[in-house]
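Structure, as structure tokens:
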Amino acid sequence: MSEDSINRVKRRDFLKLVGAGSVGVGAGAVVSQVSRNPTELLIPYPVPPEEYMPGVDTWYNTLCQGCSARCGVSVRVREGRVKKIEGNPSHPVSRGGLCARGQAGVHTLYHPDRLTGPMKRLDGKLTQVSWDLVLSHLAHEFRQVLATERGPGVAIVTGSARGHLHQLMQEFLRTLGSSRLITYRIDAQHNLHAANLRSFGARATPYYDIANTPYLLSFGADFLTGWLSPVHYSQAFGDMRQGDGPRGYFVQVEPRMSLAAANADRWLATRPGSEAWLALAICHQLLEDGVYDGPDRNQWVERVADYSPARAVEPTGLGADQIVQLAHDFAAGPGLAIIGGGALHGTNGLLAATAVNLMNYLVGSFDRPGGVLANSPPLFGPEAAYSESPYAGLREIVEAARQGRLEAVILHDVNPLYSAPPELGLREALESVPLVISMSELLDESSEVARFVLPLDSYLEAWGDDSPESGVGFPTASLAQPVARRIHNTKSAGDFLIELAHRLGDDIEEALPWRDFQDFLKARWDEIYRTRAGSLEGFDAFWTATLQAGVWGERSAALGAPNTVMIPAALDDLGHPDPQFSGRRAEYPYTLHPYLSPVFHDGRWAHLPWLQELPDPISGVVYTNWIEIHPQTAELLGVRTRDVVEISSPAGSIKLPVLVYPAIHPDVVAIPMGQGHHRYGRYASGRGANPIEIIASRIDEDSGDLAWAATRVQLKPTGERIDFVTTSGNPRPLGRQILGPADGGHG
Amino acid sequence: MENPHKSLKAKWEENRRPGYYQEYENHWGMVIDLDRCTGCGACVTACQAENNLPIVGEENFREGREMKWLRIERYWEGEYPDVKLRFIPMLCQHCDQAPCETVCPVYATYHNQDGLNIQTYNRCIGTRSCAVYCPYEVRYFNWETHVWDEPLEQQLNPDVTVREKGVMEKCTFCVQRIRKVKDRARDEDNRPLLDGEVQPACVQSCPTEALTFGDFNDPESAVSKKKHNDRAYKVLEDLNTSPSIVYLSRVEPEDESHG
Amino acid sequence: MPRLALFPDSEHLLDAAARLKGRGIEDFTLISPIPLEEFEDRVGVQTSPVKYFSFFGGLLGALAGFALAAGTSVAYPIPVGGRPIVALPPFLLITYEVTILIGVVMTVIGFFFACRFPKLEELAYAPEANVDQFALVIGDDVDEDVDQDLRDAGASEIRSVEDPP
Amino acid sequence: MAEAGKSLAYHARHEKSWVTATAEQDNPPTFAEVNEDVVRSIVETGPGYWWILGVTVVLTFLCFFVPWFYQLEVGLQASGMNHPVVWGTYLANFIFFIGLSHSGTLLSAVLHITNSSWRKAIYRSAEAMTLFSLMTAAMFVMVHVGRVWFVHWSTPYPNQMGLWPNFRSPLMFDVMAITTYLTASWVFIYMGSIPDFAAVRDRTSGWRKKFFTIWAMGWRGTHREWHHLSQAYTFFAVFVIPLAVSVHSIVSWDFAMSIVPGLHQTIFAPYFVCGAIYSGTAGIVTLMWVLRRAFKNFDRYILPIHFDNLGKLLLVLSLIWTYINICEIFTGWYSGSSGEMEMLKFRMFGFYAPLYWEMIAFCAFLPLLLISKKIRRNLTAMLWISIAINIGMLTERFIIVATSLPRQYLPDAWGFYFPSTVEFLITFGSFGIFLTLFLLFVKFVPSISIYEVKETLPEPRPKGEN
């Protein structure tokens, strides 16, 4: 499967690419020149790149930054202006497809509220200053830090830095003597990585071959919108459904029907956090049925001895027969089990994930088409994702700040004051830090505590690269190039760090000798070229070819050889499957189930108008968010859709309008993340509320990762109403043969 | 002059020929596989990006004045816990017997040589009758002249008109892309179009490849083949509009066999 | 010298008209405030060309209507809704409307033509004959003794006028 | 035709049958008095008239033209229309005024042919009503379309895009039908007035004399002219009756030719025609009441018997109207199709249910009172009933649009419509247009047909005979 994943280049798209315009490599050559605002000029290039021709499209291949999947995209540029982003058909991750977020990416470049230049906080107010002033000022401060040996007190928190940008940051910190580089995003799949590390002893996320699986059992993994690599796995889903092989059957287990569940053949509403129990019970049943007879069988038998389906009935809320049936179907498949979403972010997330690995292992779904395929580790990029939990890093920062051990924090393309639970106390911590630099594309919540707000390039203006974390079964690396000239006085993080290093001078400058980030990238890719792709004649040929294709893949290379036998110790000392929650049931009767909005994901692109105007796939609501409650809960509280309720948890409270949701477990209330920005451009500010604000800062003790699905809440009707807008008229088809001749019956 | 016993379809076939142009070169159509469609909405945004659809703002949504040439309709079936949610992308069906075309007093909407249901903005006087006559409700009216916040207008697609107030608009199957490909084919010494060479924005972006676009006149095209799938049906077929969009209904496996 | 005789009501007027006719005098003109319904019974048959105008107007309209609808569609063949280029049912409606339009217009023209409207030259007229009197006008070619008949018929007054009848 | 006409006048003067109601009074007006009364209505203008005219014009400007210009500026977002309800109040009003216009045709044509001579006193103003409500309806077309500055493209001429209009479109049927109808009713009212123009010409002086001389075309009232007139008039009647029927059928087809549940009704043509005549007749009743009040001595020509007869007519029409409504509901229900059912549910029990039942009350039940002669002869009662009926009919037009379009085939696309302030204002203002035109009319055209009234009166007897 992974083989043809790259062979399945859509020829038609390829024709489009070469036909409708030339494939360009050159926009980067001139992005450095900042003159008049190019939006005023007909032809915004003093020196146009060679492939530039008025009236003719130029296609640049680069990388989407909408989520951590990093799809390869082809950007249509005309007269130097970005017109449209489409999936890069020759990229193994996106394979020509692209999600709504990726489409909307154009507006990260043209957003009306983007920062137009660096800003410094002068007596409380942010005021525009020049880059030169910023750099000299920062150089001065850092020199003082270094002079007083307080280098370790410098930290960088990044939301998106991957690939060599991440390495550059490490380099930079290392020269300062610090190792505090944290990649924080609420949607990080740390528990999954950790579980895989535990299970296989290798830093590699396996490739889940959804496309060819006859039976897919998903524990809360909404792989269609928010899990690992949405576009790639959406495509796989399509092939599973109507590919060449027989149609795969798909069961989704989760307390609230997500988009994936809506597309599943069967949706099982379990108690929140009981996925670990269910997985273990299924393993128990599988072993009982003698599905697995490997040498290590007995070790497993004893490890799951306590988790018989019968005992799983109470915690999961499913019938024993249902669980047994699931086990049978899973064995018969043989099935593929995946886990994500709330199931992965409970207090028992690591255990659940490991148990799911075990399920796959027991039915022999390893290294088999339609199963869990071995994957090579990323060619480069953050290894932290596997070892250390991002949230743990954040907590460490807070701790250090409390003890006054922090000198400077650089927030790069991250908005922790929005995306981390306030209970963590990050705001206070950052306020106590002498120097906080926020690098972002527009003013956000976090820039409120920053002394310097530095405008970042849009990803369409910057260089970058990445090696897909989730992987596609073989080593690949993609290059991101600027596709349009800068329209504001912005910088890319890489260029900024290098320039800063140069200002700092002496040994730091020596450690980062490169002219700019592009220079640095070339140097790094030169290594890849020498070690791996010697076949091509000359690095420049390699570089150009990669830029044009947007991706370099080593298909010939033997797959990385991770240990695809489960380590029996994987399950040890993982605590008990019973989920822990903040808030006593008596006081807080409902479990809060925050989920990544199918549209906004974690909300980093909530400022894009096209996304605000994209009706939520399930509710059809635009421009706000809501709280989903079960009809009988609504009856209990005496509220109807659009009535505002106050949602209080031990960590805080927010107000949201109710959406009576027919497909959610009665014990659960669900809130989509991504909205509720206080300050994030004209389109996102003041819309809905942010569920993260009431999430308790509770962690999965085993992995240290944030357990954002482990908070209980209570609901109080406020009597107010918020007339949110849904594009759905009547939610029922009324037997009108709309969904097909067959729907007349139950429609 | 017309044989009354001849079926409407037959009459249509007759009249598919003459126009300003000599003959219908293509019969563009789409096949939408609901078993692949996940309702994610990528196509909706792709359409908005390609066709200069305005950013209308929340108030217009509340008024029911959104501009989405392509929308995802969602329908709930059953009750908890056996509740189902179904999606169906709804866009202009480019009917062969389009009610919207007959009602337009000024020929602003008609059938062009590609077999497309075309909306000619500069002819439209805004009677909105076509929107009333369209049973699929996929025609959208410009209640105002929309503006883009600077510098969002930099993104506007130069191949697509920006519509003014008082004009009706709708899905065009990305006619600008069809033109572009046809021109290219002509330049390359009139080679025939390749199947799948033309792709509307929605089809192009669809992550699950639920949408297929092609020429129904070409029996070898992917759409022509899929049309014969036994899941194939057309929405509101009994209204006899003979749409150019074929849906493949979603498979509902018997749950007995599975947990 | 043309003469104008006034009568108190249509009875006497028509009586007088009948007498003149008996004498073989044809070219007299009756002026009355209301239509003389019994003219045909008492004096003689009247004919009017208006009906021909109406008929041929209608006919012309029918042709013009269909020509307009069908002609323009054929000249600019634009396929809409899979309907025939020349679609009879709708075009018959157009035909129908234009028939009436031109029919009506031609009828007016016919009426004006028949009455020789607009009348520019001065003609014998007595304003009271448009209120409650009834008048009969004869030209100067009619000899004097006719006046006696008019008086016998009940003419309340006979005056001579300059203008021709 | 002339035959029938003759016998009528004959009766009128000799047998004094019921049709000569005007003459039945104790002292019927003499020929001379008729002239006086009518001419007075033209030449004598009290301050009351100027006040009313002034207020009307101002209100019309403020309520119709100002909001309209605003709408032209900002686009149709000024209205309450949306997707899927892209037709709204404007179209409803358009249809209402077209309906109102059927009054004149009815009285001048139908009753002319059927020899109901009681029409004679009132048909002139009825025809005026036809003309002016048609004009008002035409205004609503302008208000309705999105780009009125291009509306001329829908007229049959090869426009700058080298295109003729699409004659296959129901809207083009409308254009043709309404143009014809406007022309015909204008001609109709003018022809019928020529003898009266002459009459007024003879009794006025100054600019009026010039004005009426021109319009009278030199009419003398010779026996030949009278003959030609009656001929022409008869042919008009013959032309106009089918025209009136076709006009409102065609208007109904704007709806019926669509495939929207609630609009796609076979019965719509007769339904609309009947409804049109219904509201038209009611309109006349109101009008007669007003004229009778407005002008000195008009109560000698507009008599209770006229109200009585129209009352009977209204009763019959209301029954037909009710019957068709029942048919509509029954066929919808009997089809059993979800589309029809949901639409009916929404119409009868949805948000607009009150309006629906108000319509039923005013148009189906209230007119049943007309069964009693007492009420038919009670002018005040007639006034209020007639007004109620027209309110009901206006509501009906609105309901047809506002309850069908929001409930179409795709439930997900269901919507809702409520008129905006601008729409309310323009609706109100449109009556101002109508009223303004009418106020001008009564000063330039004899609003009662002098010669036809005379026909129903006894001729002056020569002195000494009585």
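Observations on the model:
Lettered A, B, C and D in written order, each chain numbered from 1.
Quick note on the criterion: contacts are C-beta pairs under 8 Å (C-beta built on N, C-alpha and C of every residue); 3 or more make two chains touch, one makes a residue touch a chain.
Predicted model only: the values in this text are computed from it and were never measured.
Compared with chain B, the chain whose C-alpha mean position is the greatest distance off is C.
Two chain pairs are in question, A-D and C-D; the one with more C-beta pairs in contact is C-D. The mean-CA centres of chain A and chain D are about 68 angstrom from one another, to the nearest whole unit. Rounded to whole angstrom, the centroid-to-centroid distance between chain C and chain D, based on C-alpha atoms, equals 28 Å.
Centroids built from CA atoms put chain C at 62 Å from chain B. Distance from the chain A centre to the chain B centre is 33 Å, each centre being the mean of its Cα atoms. Contact with two or more other chains is made by residues 163, 165-166, 168-170, 172, 409-413, 415 of chain D. Looking at chain B, one finds that residues 66, 73-75, 99, 102, 104, 107, 236 touch two or more other chains. In chain C, 78, 80-81, 83 are the positions where the chain touches two or more neighbouring chains simultaneously.
Under the stated contact rule, the graph of chain-to-chain touches falls outside the line, ring, star and complete shapes. Contacting chain pairs (ordered by label): A-B, A-D, B-C, B-D, C-D.
Contacts from chain B toward chain D in the complex involve residues 60, 63-66, 73-75, 90, 99, 102-107, 122-129, 131-133, 135-137, 140-145, 165-168, 236, 239. Considering their complex, residues 2, 5-6, 8-10, 30-32, 35, 156, 158, 162-170, 172-173, 176-177, 179-180, 183-184, 187, 191, 195, 198-199, 202-203, 217-232, 235-236, 239-240, 242-243, 246, 250, 450-451, 454-455, 459-463 of chain D touch chain C. Across the complex, chain D meets chain A through its residues 338-339, 342, 409-415. Interface residues of chain A, counted against chain D in their complex, comprise 728-736, 738.
Considering their complex, residues 1-2, 8, 11-12, 14-16, 18-20, 95-102, 104, 107, 109-111, 242 of chain B touch chain C.
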